[in-house]
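Input: one structure, supplied below.
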């Protein structure tokens, strides 16, 4: 009796795939990373470069479960390094070390149809706390429509950074009726499609998209202004380890913080560090 | 008293006008029911004005007339050039071996063949002189009702089954009190009332096979059709139920024209006034029941009746 | 025959083995309940059932939780999930209602009216629609539909009228309902079409032979006969609808607001979040213990609701097997 | 007189133009029926329009952005869309996850269906098993994903992914495949059960009459007879696996590339992490961090193409080989 051949075709496919899988060289160490989706693009670049530098003796697996997932994973010891987009908070498990690897800064953005060039601290606060509801109340805007406030879900690192310098450090000041996006790109799409909206994005996302960057108290959000310390809302990405970094993790983090190659990669979309001091959580 | 004798009584002139009248007196308390209007508009003159064709029975005025009717499935003829005529109040049995086109012919009479995508027919079928293709299909089918080989009660209560056509056909849904007398009457005519009257809300699917088939008959006659088509109504039933249904056919033929397809020669002989024998799509012979069974004209009929083939 | 050489597998042991595999599934379900309830336990033990109630914005409450310590005190677990539960009922309810009407009409069209060629094309199309990954709908929603709604359907005066309560940006209850409807309709249509096709021909033919028009025959007999199948399909679709997370999180307006029916037309433009979409949105904070427990509590609620829906669907269609109608 | 023409003209042909009998006019129908009739046609046409719009949208996007080299290039980390490579790994991940999910779901689904239909004693137990499948079918995938994560992070399951002293990573092709099998299982089960129920009794009786045991009959006669149903159910299940996003993101790790876990050829791959087309689309669309929307559109077009292909395949399966054992009842909602 002939068996149903169709069911066994998949078996062949498995075999084929297994054969095609890259056969790793011997004596390879694998480092597992997991965490921030925001830091993911940067980490992908850095790990790829580091693999090449180390002649493939170190291999990386980089997941993107989200900052908190990465922190939990590293605390549980299921990954070697967690990636975080915000400094440690009191809800983090104890004994974690946060190593800064790069800086990013946050821009306030509006739709190109509403080309506001500058906002003051008071204006930003009034808008995000919903003390003003209409663009006609905002000097510098030619619109007379209702303002759409685009924010992020409560603990997005970018929101924390934005609030640190624009909203007296309190994310809770953001009007609860604001739209709260779970990713930068959703917020960016929303601002792009809605002329009445205002939001904030990390500069890496803001510069690549066709949005209007708003200067803050007369200072434009540029790398130069961040470097000379006039622009606020700057924060770090962190690599997180359980206890002080050791072994391969330590060398990888050290390489990011000090090598020229890493610096070059960071400069493609982020800012190099000014201080490499670790923070323990 | 045999079914045959009862039938003879039923046909003896005296009874028929009364029966006819009764069916007209029960005017449906439902406005807008086209059926009522159709019943009233039937004029005897119109039917009488048509010419007699081969196979016309002596009794009653002509109701249904087939001229050179052929039915096709795709390009294959299933019924070939059949001409016959059916009169008021008679029972016509269609007999013949399997696949001879009896059922197809029957289904053509109320245009049920239209449900088969590739079926078509030629020739003329006239109901009281009107080409049936010119009649609105729903009106035609409420005038020419049908009972199927397998009892097919709907999955609902007995009451809802019998009241089904009355309820669903009218533009306005009649209320239960309006329907009740009509449903009871139909059940009585179908001889089922006594058995089920205590519990009309029971599911029709719980009835026995014979009861189900009588329910289907009640359902078919509840809207007072003029002609009842029956497609081997007893073939799925046991002998006792068959006898009950045959009796019922005798009763019904008082005020209904019945065309019945049957496989069972003895049944045809018991209940029919006239018998038509079909073979491979051809109408071989049609005549009075006794004549067909005792003195068939055609060789094929004789052989079929004698059981040489079939 | 080589089989003969081997010792024949006894029927008894075969039955046991097969039964054991089958029971594995039941064990799996129990495991799932255990794990999810275990994760949700802190919320249940600290909050009882009061977290199902209303009061404040779940977004803010979850946000506050993320900043509590790694060993949060009971007071850190305070959440009032009613806006999310209400949002789930609202979106799923409307979507199921619309999907029911559409899928009934579509099934009738496919089974009874469509010309053979159209029918043959419709069926794979329905199956295709049922298989389209939700994320594709979400993509079209956020890229095309939400900006269109914002531009053409929401007026400035409407935005201004609720400006102090909530903002209308295009995404919201209406578009969410539309997309969820789009996602569950094919499933329902497929199930109802199957059931409709397995209605015995004799019933429909019988009704037509009594002089009913074809549509009336379908409505009065076929649909009535498959009523349990319709209810079952509705139950399954409702289970899918309450659990739809990713698409909802993309187009629902990004705020755990409770839309107010008294607002009339604006009601459908007000943002809304469901239990599932809130899980997706806040999943990044799963590391904070209080958030973890709260999200598991949401998942538990979703799990039990979907179980209840699919279980009642199963029980409703059991008697159908008597008529050999599709189940 | 009584005789009709017994032998008609030799070549009887149907009427050249089929007569259409008069139908009841729509106006004579009940108002509600008229409405339903209009609705039925509107919806029928509307569904066509929705599919056409959806396929059209992604066809245009696909034509714009889908290039053959994307299918054979590994994804690469990059700030710019141009440098981000193709989605070979996502395609491989989709195939691999589908195969693993199906390899688990098909045997369990078929076995369960066989037990329920052919044995099913005690009855209460078979009812429980049946309702379990229904419950699995209704469970939201986000809940399945969370369950998978919680389950496979237990140390017991460490061999399925990899472990550090603290516990198991819990994310791998094996663990995601196990969860995906739950997504595909109801389709396999329902199709198999329908096939079994539709298998004529005579077939089994013929086998019993030859002295075969019940299980031998099932294995040698019944199951081969319904292999088309099983294949159809499996294909539908495969479609559901391929279309799932939540489980991939939470339980497969959604890493950019397929990352093998060790140098052992097959096991290393199965214990490794990766991504699928859906997670690639999600990650590169606004819902993720939106790195490469054009690549996401291209992948979406490809995914839709695969789904269309699968559906076409389901249609074909029923027609392979000889005539089926039972009336081929093509169900939509298996």
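Lettered A, B, C and D in written order, each chain numbered from 1.
In this section, contacts are C-beta pairs under 8 Å (C-beta built on N, C-alpha and C of every residue); 3 or more make two chains touch, one makes a residue touch a chain.
Bear in mind that the values here come from a model prediction, so they are computed numbers and not experimental data.
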Label of the chain whose CA centroid is most distant from the centroid of chain B: A
C-D compared against B-D, more contacting pairs: C-D
Between chain C and chain D, centroid-to-centroid distance (C-alpha), Å: 18
Chain B-chain C separation of Cα centroids, rounded to whole Å: 51
Gap in Å, rounded to a whole number, between the CA centres of chain C and chain A: 32
Shared interface positions of chain A, touching two or more other chains: 37, 182, 186, 189
Overlap residues in chain C, where contacts from two or more other chains coincide: 142-143, 213, 216, 249-250, 280, 283
Overlap residues in chain D, where contacts from two or more other chains coincide: 23-24, 29-30, 220, 250, 285-287
Pairwise chain contacts under the document criterion: A-C, A-D, B-C, B-D, C-D
In the complex, chain C residues that touch chain D: 3, 8-11, 14-15, 18-19, 21-26, 28-29, 31-32, 35-36, 38-39, 101-102, 105-106, 108-110, 113-114, 118, 122-136, 138-140, 142-144, 182, 187, 189-191, 193-194, 198, 213, 215-216, 219, 233, 235-236, 239-240, 242-246, 249-250, 276, 279-280, 283, 295-296, 299, 302-303, 306-307, 309-311, 313-315, 326
Chain B-touching residues of chain C, taken from the complex the two chains share: 116, 200, 202-203, 205-213, 216, 220-221, 224-225, 323
Interface residues, chain B side, partner chain C - complex: 35, 110, 112, 115, 117, 137-143, 145-146, 148, 150, 152, 154-156, 164-165, 168-169, 205, 216, 219-220, 223
Contacting residues of chain D [partner chain C, same complex]: 23-24, 29-30, 33, 36-37, 39-44, 46-48, 50-51, 54, 57-58, 108, 111-112, 114-116, 119, 121, 125-126, 128-144, 146-147, 150-151, 182, 185, 213-216, 220, 236, 239-240, 242-246, 250, 278, 281-282, 285-287, 296-297, 300, 303-304, 307-308, 310-312, 314-315, 329-333
Sites on chain D touched by chain A in the complex: 76-79, 92, 95-96, 98-100, 102-103, 106, 153, 162-171, 220, 224, 227, 230-231, 234, 250, 253-256, 258-263, 265-266, 268-269, 272-273, 283, 285-291, 317
